[in-house]
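Quick heads-up: structures coming right below.
In the two complexes that follow, chain A is the common piece, with chain B as its partner first and chain C second.
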Partner chain A sequence: MKRVICLLLLLSYMCILFTGCFDAQEVTEWAYVYSIGMEKGVTDKLRMTVQMPSMKGGKGGGSEGGQEQGNIETITIDCPSFYAGVNMINSFVSRQINYMHAKYLVFSESLAREGIDSYITAFIRGRQIRRQMNVIITKGSASDFLKAHSVAISSSLSKKQQNLMDQGSNTGFFSDVTYGDMLDEAKAPYGQPIAILAAINDEGKFKPGEGTGQLPFKTSGDYYAGDLARRGGSKAEFLGTAIFDGGKMVGELNGDETRILLMLRNQFHRAFYAVRDPKMPNKTITMDVRGQKNPNIKVRFEGDKPVIDAKVFLEGDVLAIQSTIDYESKELKPILENEFRKLIKEQMDKTIKKCQLVNSDVFRFGSFAAMHFPTIPEWEEYNWLKRFKDAQVNTEVDFRIRRTGTMLKSSELFSTEGKKGE
Partner chain B sequence: MANIFQTMKNVFTYKPEKGQAFELLEGSTEGVERENTPEAANLKPGSDTSDKTEGTSAEQTKDIPAEKNGKKVREKKTPLTVEEWNKQKNDEEASPDQTEEGLVSSDLSANLQKIKKEFGIPYNTDVMTRKFKIARKVNAFITYVDGMVDSTFVSDFVLRQLMEPRNFEEFFKEGNTENISDYINENVISVHEVGKMKDLNTIYFQILCGDTALFIDGAEMCLIISTRGYEKRSVEKPVTENVVMGSQEGFTENLRTNLTLVRKIIKNKNLITEMIKVGKTNQAYIGIMYMNGIVNQEVIKEVKRRLNSIDAAFVAGDGMVGQFIEDSPFMIFPQTLTTERPDRVASFLMEGKVAIISEGAPFAEVVPITFYHLLQTSEDSMVRWQYGSFLRIIRVFGIMVSAFLPAMYVALTLFHQEMIPTELLASIARSKEEVPFPTIVEIILLEISFELIREGGIRIPGVIGQTLGIIGALILGQAAVAAGLVSPILIIIVAVTGLGSFAIPNYPFGLSLRVVRFFFTFMAAILGFYGISLGLFLMACVACNIKSFGVPFFAPVAPKTKSAPDLVMRQPIWKQEERPDFLNPANRRKQSSNSRGWEHKKNGGKKQ
Partner chain C sequence: MIKEGKIGVQEAIALIAITISVKVYFTSPSYVAKVVGTSSWYMTLISAATAIVGFAVLCKLLKRFPEKDLVEAFEQSLGRIFGFVFSLVLVLFLLISTAVMIREFAEVLKVYALPLTPPSFVIGILLTVTVLVCILGLESIARAARLFAYYILAGFLIVIVLAYNNYDYHNLFPIFGYGLDKTVIYGISRSSFYGEVITLGIIATSMQGLSHIKKAGYTALIISGLTTAIALGMSMMAFNYATGQEITSRMYVLSRIIKIGGFLQRLDPFFLFTWCIGTMVGISFLLYCTVSTYCKTFRIRDLRPTILPWAIILFTVSMIPDDLTTIAGYVQILRQYGWTIFFGLPLITLTLAVIRKKKGTSQRCQ
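What follows is the complex of A and B.
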């Protein structure tokens, strides 16, 4: 009797256990989406694009497989909503769409300017949506952008996506802002969300032939996405930041402004800056600039008007001095440091003004202002985001040169004209 | 209906077991330092053999310096010396089934008839009887088992000596009243071990063991002459427990050799070997070895009780003995430690454990053990502690891999694809593209073929066996991938799993993990990581319940007890001052807290 009952219990346990199999799905039953693109539809509300790798590698996975890895399938469809589109795609893709590995979430600029709040707050409920996706605003069509965003120097798309975002911290030209960050900021009364600005570069800015070396030179970040004068490489370009007011895009920052934004948000890692040589304006001095410590931001109120004192701390190494002036020396080093401080302060004032014009506190000054309010309702009542444009912002930059690279002293050159330099 | 509910209730309700399970409880005299006072009074047979006579141990009060709780005077049994006790033991063993007709008769032909009848001569051709005359005068015969004795030894030192009349000149002198068997024992036979016996049953057994029995006309005694000389394997390198550093000696099938190999390492008079006969028909001897003064007497008692109670016709080798005496036969993990290495046995004995060495297999069983002993090898203490710890960590990793890797793979690919790095996922998906089977079928297919290679590799004779393992795995794996039966990534999984299981030093433990792996894979296939956790939880609950001779399986960790810093991470050898507390050893200290005496310049490094 006991044996029979034990057996029956075991069998019934098995029945319960085996229910676990219902959502077991083989890797070959899924189609993994790497990027999701959304723009305004032509025949429907939304035009959705998914980018996924072709699984045509086949057996072996050896040398032949490597070539196949570059095959990327980009599918675009007009649909009423994201999840509806997923189903519609499955009418011609044999595998279930799986977007748990999606890395990029791309919106077209026109959609963003209209407001993407309804999208970003909507599909976060899906279990497969990851908050670590990077949010990208592209000029022009998202589906064209994703088509252009192919692999150039590496053979793996996902690696490219990941590595490109890491480059953001090396250059400061774009932030690696994620879907989760954007969602948090859109829902918070402390600051405004940002997104990565991207565009297709059709190489239209590039002028062939040998030029004359235009002067005065532009700074390296004085471009928006799609404006770089270049040839070759992947057509998709990431440069600058889209700034939002709530869920609506209200403006864009170029590379230099993005660096300032990151400095004030305490997300700046390092960047190469080419500055004008204070003594020889035609030459440049390049420096490797890093954030030194957290920016010092204080908010006070003069009457009802907020006053913001922001100070950023930077340090850097000299990478290249085109002239032979000895900026390593004790006397000349402060001159160079001051020149750089001036440059950054100038850019910072300009950037803050620009954001105040569209009234978007992307610097998150609000989180410092909130300290002055004893309760959250009072803070929300005050409506910082509305009053940001009236704020008076005093900026200050601290910069120190730490090292001078592998040279301790610049020395003069000799030519038929004699000693050159000074 | 009520009946069914009652039975169901019985299945679910917990009832403590009625039987007296052996518990190793804290004793009052435990941990008191007295290494050189063997406490042999406890060495008497277990409870189920209580029909035998009890030891006549005179009780005597004796003061023990009480450490903490005042000046209590404890009663203590006076220790018997080992010889006394051995004698007492022999008397006990000889006493049962002693009947009048089982004695040696003074009539030589009657003895011969009995021997012939008992051994089935002439049908049984192995047992030889040889009649001859002692010094050309007295009739006598010897009996031995052909092949078990050294025949040149018998001819040279038994027969030649006995037949030589000059050896008996003294005996046949006028006025000699000496018994002939005593005379022969004392003056004629120049053999190291000669015993006098009356009981025929014992004599039969001695003959079967390879001794020669000498029956003399008119003597009511039989002389048992030790002439054992059967074929045996010499001491070779251990096969299952190879090490790079350390001793290269392994046990053999011969009990005597094995005991000697251990005794060679521990040259101490407190190393006791007790012999117990098990196996009703094959009558195998089992040696119980322990260090008197270190070991907990309760454990010895329990080991003897269990061994004495074995009621089976055939017991050969320690593997069978282990199965008869282990605590929980239905648990998957081994509860006795099987080792092939005398040096390991010696180190265990010095920790206060008991070794059971039996005839017929080159292994010894050590009890009590814990889970952590199964991770250790003798090499760990031979190399410096940094290397030893590193090797142990690798081994723990091997255990993890061996038990969980296939399960992890199944769980990841079936349920948790979001945890796989995107590129790896793509390559897994790509390589699985042309495989028609679900992952679980693939992995079971490959696991089983791998187990087949392992099992087949052992059975295939000689040189082919070793190469087959590698070639078979390589070719089979490659071909399976080419044929689209399995995906290449799976070959790696199974190969690494196999490597992991080879890293486990204890073969029975490795076997248990090979079985457990399938359970985990199954759980992963139906419930993913949740299933693995469930399985692990179940397994841990069950394993925590195991006891090996009163010691919990995860002893120094769960329950937490004191032990030398030598569990997984091994600390320097001079820090390992104490024997494990969970054994309740009689002497807890292994070495002084200052075992590196030379470091202290005051006394010039002399021993204190």
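What follows is the complex of A and C.
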């Protein structure tokens, strides 16, 4: 009898527990935010934009006050702070705003140049904020950018967001930098933070009609976000890197420079490079370039002056040779490799110089320098970030062509003029 | 004499290692980073080494008083009155340690997972389970600990391994943190992180002799030392000494930043299970030790009727601090000065036993 009573008591106690705890909320009670946008406010300190799937449950459903594009709803509000804005949005959105699955944290360039340190250090306290969100700096308004971005090619915006970020590792034109990375870099003296540079491409650079084929050609990464001469596709464009000093944006890198940055940060995966044909300068050779192994970075000190020796190791496959010159041969392959080494070294020196001018060690050379200091007080006293601009940086590039695609040899073309290329 | 049943070496290892290591999921790693910086991962090894010395003292004491537990050793060495005082100090210290651990768990859980649930509800549920487990006895707690040990260890290692792409070994430099002297001194004083190993003295009569106690204690200290050092080192590599001091629960956040492709990410809900089960085992064992020490001190033969009252006292004590900051402050005081109780009492007892030439006798010999 005693056992039965105990069992009944236990079961009734469990019944209370199974009704759900204080935090139990159904999925239908949440509005999951995909992207958060921040820019300077007009009627208040901040203009905040949140982008989420519209809550259409059927024919009777509809958006709740935002601008709906496809299945995505974009709400913009002027507010004093992010969390106050979330509450304000909940005054007209029936579901509770939940940003646990937010993928993008977008800041306008003007806000970033003024300093976003107060925002990035403040957000992280919220339990829903994830360090894995990508941080994006957009030229112009953040809300306009998010509206442009919501016109998705794929059926799901979240999938588009994920896939777009993965493209960074295929092109090297932008990094996969996260909020956590930015926070870590802003708070410790190992290096400076970076963010993805993005913009709306209004197709203004695209000139209709047929041209003459401009020479010398530009490299594919010689553009900043919003500058690609193109027509069609999503208006939102990710290209380049915003560089920071603490929480303040101090400069930007284009696609080529971003690739160099990634190589030196050991985050470069793969990119297609079109290089000038060493023997026929009006032709290009395209290569599929990959990181071969970790860069070899050494920091030493000559007196108080830091000297950095940086060597990157790359390898690649030939994708296309416009001329019919046989670069696959043992004799000519080194010429092509040297041409590429020269190109990367030039770009590397230029990029490092550019960052030194704004005194922003976005390459994290500081993390190698820290190994020379026994204690944190000594390291912080040295003030690496201040001295980076005076550092002497020696660069070296190692590049090997591993494969030549599906061809082992390039044969010449025949025409009425005889053998082409002779 | 209380009949507590018998437990084996593996069960004792699991009990002690879980009770010690589970604390790494709470606020301590961040506080350690604040004090010693990048050197926290080997600072904890210094603490573990110090705790091994402290445990060796306990073993000496138990060797001097064979087949006796710590409470009886206190009494035989110091006399009835001082032995009683020492035992009572130990009871109070265990009570406070357990209360702080419960509240710290509830607060951290509230920060990351259950923001709307009152701490009293979390603590209430946890203590309900703990009371049930304690009523079932030491053997049940120990067997549950052994059963869950593999799961808890696997959960811990999975988080550590899956977060591999967030590690940067440069974050461990400057190697001496805020100074080698500070690291060593703080490492020694923080040995109380491993202080729970002395609970083996409380349950000594449930073990199969001193050799088993020694084996269990040293092995548990080595395992918990290594797991704590790995947790501190890896989480320091994932963040750095600056952000590493800010995060409330570094291990929990480490599980949140796991991202291997689009599919394998956001694993923190799975990690919560490991964390909660580990804490449940740890708290059950500490409550049992508190009650057991109390009953032995007051010569109460059956400890079961006292478990519920002790749980209510524990609940009340754990609800006293106002906020997480106060709790974190108490945690640091316990970690920094707890060694005086955990290792100090057995040392004083042993010293006085040697001076006063007090020695226990084995009943088997008689």
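Keep this in mind: the second predicted complex is superposed on the first by the 385 of 422 C-alpha atoms of A that agree within 3 Å, B and C clash if a C-alpha of one lies under 4 Å from a C-alpha of the other, contacts with A are read in each partner's own complex, and residues count from 1 in each chain.
The criterion applied here is as follows: contacts are C-beta pairs under 8 Å (C-beta built on N, C-alpha and C of every residue); 3 or more make two chains touch, one makes a residue touch a chain.
Nothing here was measured: the structure is a model prediction, and the numbers come from that model.
Look at A:Y190: by the touch rule set out above, it reaches chain C but stays clear of chain B. After overlaying the two complexes on the shared chain, residue contacts for A:D23 are found with chain B and with chain C alike. After overlaying the two complexes on the shared chain, residue contacts for A:P374 are found with chain C alone; chain B is out of touch. When both complexes are overlaid on chain A, the residue A:K103 reaches chain B alone and has no touch with chain C. Look at A:V42: by the touch rule set out above, it reaches neither chain B nor chain C. Ranked by how many residues of chain A each touches, chain B and chain C are led by B.
By the touch criterion defined above, A:R131 lies against chain C but remains apart from chain B after alignment on the C-alpha atoms of chain A.
Judged by the touch definition given at the top, the superposed model places A:Y34 against chain B, while chain C stays out of reach. By the touch criterion defined above, A:G180 lies against chain C but remains apart from chain B after alignment on the C-alpha atoms of chain A.
With the contact threshold set out at the top, residues 17, 21, 23, 130 of chain A are in contact with chain B in one structure and with chain C in the other. Taken together, the chain B residues at the contact with chain A in this complex read 3-4, 7-8, 10-11, 413-415, 417-418, 422-423, 425-435, 438-439, 481-482, 484, 487-489, 525-528, 530-531.
Considering their complex, residues 13, 17, 21-23, 124, 127, 130-132, 162, 166, 180, 183-184, 187-188, 190, 364, 367-368, 370-371, 373-379 of chain A touch chain C.
Chain A contributes residues 1-2, 5-6, 9, 17-18, 20-21, 23-28, 30, 32, 34, 53, 55-61, 65, 68-69, 98, 100-101, 103, 128, 130, 156, 158-159 to its touches with chain B in the complex. Those residues of chain C whose C-beta lies close enough to touch chain A in the complex are 37-38, 111-118, 121, 125, 128, 168, 170-171, 173-180, 239-243, 246, 253, 256-257, 259, 262, 265.
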